[in-house]
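Per-chain residue numbering starts at 1, and chain names A, B, C, D, E and F are given in the order in which the chains are listed.
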Amino acid sequence: MPVITVTLIEGYDAATRRNFAERLTDAARAAIGASLDGITVVINEVPAENYMRGRTGRMPGAPPPSPVSVVRDYLAAMERRDLEAAAAFLADGFTMTFPGGAVFSRPEELVAWARDRYRSVAKTYDGFDEADGAAGSVVYCFGSLHGEWPDGAAFEGIRFVDRFTVADGKITDQRVWNDLAEVRGGRR
Amino acid sequence: MPVITVTLIEGYDAATRRNFAERLTDAARAAIGASLDGITVVINEVPAENYMRGRTGRMPGAPPPSPVSVVRDYLAAMERRDLEAAAAFLADGFTMTFPGGAVFSRPEELVAWARDRYRSVAKTYDGFDEADGAAGSVVYCFGSLHGEWPDGAAFEGIRFVDRFTVADGKITDQRVWNDLAEVRGGRR
Amino acid sequence: MPVITVTLIEGYDAATRRNFAERLTDAARAAIGASLDGITVVINEVPAENYMRGRTGRMPGAPPPSPVSVVRDYLAAMERRDLEAAAAFLADGFTMTFPGGAVFSRPEELVAWARDRYRSVAKTYDGFDEADGAAGSVVYCFGSLHGEWPDGAAFEGIRFVDRFTVADGKITDQRVWNDLAEVRGGRR
Amino acid sequence: MPVITVTLIEGYDAATRRNFAERLTDAARAAIGASLDGITVVINEVPAENYMRGRTGRMPGAPPPSPVSVVRDYLAAMERRDLEAAAAFLADGFTMTFPGGAVFSRPEELVAWARDRYRSVAKTYDGFDEADGAAGSVVYCFGSLHGEWPDGAAFEGIRFVDRFTVADGKITDQRVWNDLAEVRGGRR
Amino acid sequence: MPVITVTLIEGYDAATRRNFAERLTDAARAAIGASLDGITVVINEVPAENYMRGRTGRMPGAPPPSPVSVVRDYLAAMERRDLEAAAAFLADGFTMTFPGGAVFSRPEELVAWARDRYRSVAKTYDGFDEADGAAGSVVYCFGSLHGEWPDGAAFEGIRFVDRFTVADGKITDQRVWNDLAEVRGGRR
Amino acid sequence: MPVITVTLIEGYDAATRRNFAERLTDAARAAIGASLDGITVVINEVPAENYMRGRTGRMPGAPPPSPVSVVRDYLAAMERRDLEAAAAFLADGFTMTFPGGAVFSRPEELVAWARDRYRSVAKTYDGFDEADGAAGSVVYCFGSLHGEWPDGAAFEGIRFVDRFTVADGKITDQRVWNDLAEVRGGRR
């Protein structure tokens, strides 16, 4: 218990359906604490012509890129400093907030600001978390930074976490926390 | 589209059912990008005697405290320095990781470590995010810290984020990031 | 075959549900020619709190007056010459078309026009038919007229049929055919 | 709301299924006044071997010709004076009733009676309405007549309405009203 | 797997519903070899007014006495030699067949025939089995006989099995096998 | 009434599904006394990838040989004295009980014991009955024996019944009753 039955228009691939079923299972566990063994999910596919809402047939939309994959692709573009590609993932009105409260709206601003913080930086990911809500999804990633200080000395293993708000396939907000200041302070 | 139907044993209160339906709606949006207007959730309750799995009747379990409420209660206990109450929320093997990579397993250790970092601290929350997965839920909270430095000077508006892993109603892991070092560095 | 299952929010009375089930049965017969014996209709009621569309709970609307009852009430008001009550059933833009192609938009116009056609008239109904469509319902009634000619002679048994278009509980169009001219012609 | 799910044996073509879904939608609107946007219809097809009633497998019947198409074909045969073809659409015990109350049971009788009413007549249709009920369907058509009076003069635009009762693919009753007498009276 | 959902008119008591769910579980195991743990049965009760077949409401029938209970009650009546009560469980055309092929249609005949076989006899039951089929149910009971031989000597532990056909709450056929002859042969 | 809907993973052949549906129909009749005409069974097949329990996909198991076919095959092997083949149908701990209470655990023991009871024996079956329960199925077969007495004289028409317990495709228990002693006694 419970049994969750989904009526879906045909056309979503098996991976999308599996992902959907897993999310429904997770929702059941979180909402009612059901034991995993008792959660059954059945996806019942019907051809588009067998589904009508408001006396109108409906077609399955293309499933959107997952919020996590949007964030991954954005971070990869930033890491290779392909600012144009990165900007394509950002919604109008996007802002990014960095340690100390610095706020930017375009990748270029971040790059300029970071210049006297580090010569280069890259991320090693320990995990991604996705929280889905009414207004979109929130994606966190966390792990460690490695790179070079402005003086060329290498650093690694510096803890970080990023929080992204994703709506309709675009990132509307990014917030960053990390231990760079903690470590930098220790260097002095 | 889709239509999600849940067969549930009677006995969950209306708030739990509403929460369940919202989570299922969010899962549908995140998984297949369905437009909100087309996502229908129906919860079909049956008396316990009308449900049988494995030729055995089943009773609805008590819904567990939500992962977010576990975290909130733990944080409240920590803030009022009720370490015994706080410890009751922690699973065996719990660890907490703080800026700079300090790792503790008991609230007392944190309190001792923090002594020369700040005289007091409290949190203002901007939000909680919950990500549900096969192994449990991850809860993030973020916002700003206010309190007093060891020298008695006040601080406020210092950004923080905490990440908690919650399984079976207990916290197994806490990770903390904040801008204390960033701000402290600026004070020097 | 077929089995038709309706998920409905609790709150519709038994007569409304029975009427709904009958209409669904009739739709199945007309659409696929199913034998009556094989058409099963099940109405599955769920409390309002167990139904959510677009992440929003829904309440059952009050079922509207049936199109046939709107027409009956309008005809009764006209027959007792309560023109104000009759007008309350008419939508903006209403027109009524009478034998010979006379078109009116208000009951008063009809009354004036009819004055030298008959002194009084009333209807005996043989039946009402309702055809439901995307844009609303069409109601027909047919039977016979009785009353008095302008010279006071009585008439009866004169065939008539009326066609009404009803949308959102209001009559938008009325068309009338009858044998008054046929009979009147025979009197000369 | 509501969600209407139909379990149907495979074998009905897409047009039949669409027509069925539309009729169910219309039934929901008429019965409970549901807003169109909230009416979902799902047709769930199962192979014939997966359906059993009374421990007996069932096969989908051929969907019957729609009542409207039966009437259209009958009217077309009458208009081209193919009385044999027309008669094939008529059930045993069929009667047709014409203005003034003339009743016939065979097309030939109508043709004979009409001879001194008009030399020829044809219909222009403004619409067809179908009302489905327990005992079969009622089809109305309405529009205008054009043709020639017995003296060879042309007429057109004369209002008419026909009411047909259709059961099991045959017409059991036809009733006709029109303004021929109204107009003829005006000619004298 | 599988999930078996039953739509049932309200009015059957909990024991009947439980028995129904158990039989469905057993049918699933026997038919497809499903592991017990994966067989889910849900009984969905609807008020009588929400169920319509053939455009006609249906009322739940009184569940019949179970075939096993019919047989038990008949056997108890026979054992206490209440032949009138026993006969009330027998359908028209009933026959009973005994070892050696003796066939009777009324309890009295059996009693007369048995007179020189044993002075008295009673049954100890090891079990009842019920096999349900299209034409009704077959009930077997087996165990051991004890009683007195015609010469007054006691016997016990003599194996027997009876097979009953039950349709519409009446026994139509009884067949009896036992080891009386085997044991009697050994006495000689 | 009732309507029984089964959700099944694709992969069972048509005969298995038909057999499943018949068993569900029989269960409904036996449990609630439903009239056959009102029992509808629908099997809804979904691809394996659309079914998940405990967040794990499931595959349809191979349907086991039916209990009746296990018994038939065992009896055929015994009749042709293929004791090795017969033994393959027997579970560990199997016992068989014969008239007079003789108990064996291996086919060879039966063969030895029967040697001075008859020279040969074969069965003509009047029917098989299968009773399904939580612990497995019970199969009965009954009919008549024919063969030769030890002295070579032929016999036929001797009534018998066998009861088999079948679990997981193996026979765990066999009990036999017949009229051999009854008839043999009559020969002396």
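Methods note: contacts are C-beta pairs under 8 Å (C-beta built on N, C-alpha and C of every residue); 3 or more make two chains touch, one makes a residue touch a chain.
Small disclaimer: the values here were computed from a predicted structure and weren't measured.
Shared contact partners of subunit B and subunit C are D, E.
Just one of A-E, B-C or E-F has an interface built like that of A-D, with over half of its contact pairs in common by residue number: B-C. It takes 120 degrees of rotation, in steps of 5, to superpose the Cα atoms of subunit A onto those of subunit F.
Work out the mean CA point of subunit D and of subunit E, and you get 56 Å between them. Subunit C and subunit E, compared by their mean Cα positions, are separated by 58 Å. Between the CA-based centres of subunit C and subunit D the separation comes to 18 Å, rounded to the whole angstrom. Contacts with at least two other chains are made by residues 1, 3, 5, 7, 22, 25-26, 36-38, 40, 42, 44, 51, 53, 55, 134 of subunit F.
All chain pairs that count as touching, in label order, are A-B, A-D, A-E, A-F, B-C, B-D, B-E, C-D, C-E, C-F, D-F, E-F. In the complex of the two chains, the subunit F residues touching subunit D come out as 5, 14, 17-18, 21-22, 25-26, 36-45.
Looking at the complex, you find that subunit E touches subunit C at residues 7, 44, 46, 49-55, 57. Contact residues on subunit B toward subunit A in their complex (touch as defined above): 1-9, 12, 16, 19-20, 22-36, 38, 51, 53, 58, 60-64, 66-67, 97, 99-101, 129-134, 137-138, 140, 142, 157, 159-161, 163, 175, 177-179, 181-186.
Within the complex formed with subunit F, the subunit C residues making contact are 1, 3, 37, 40, 42.
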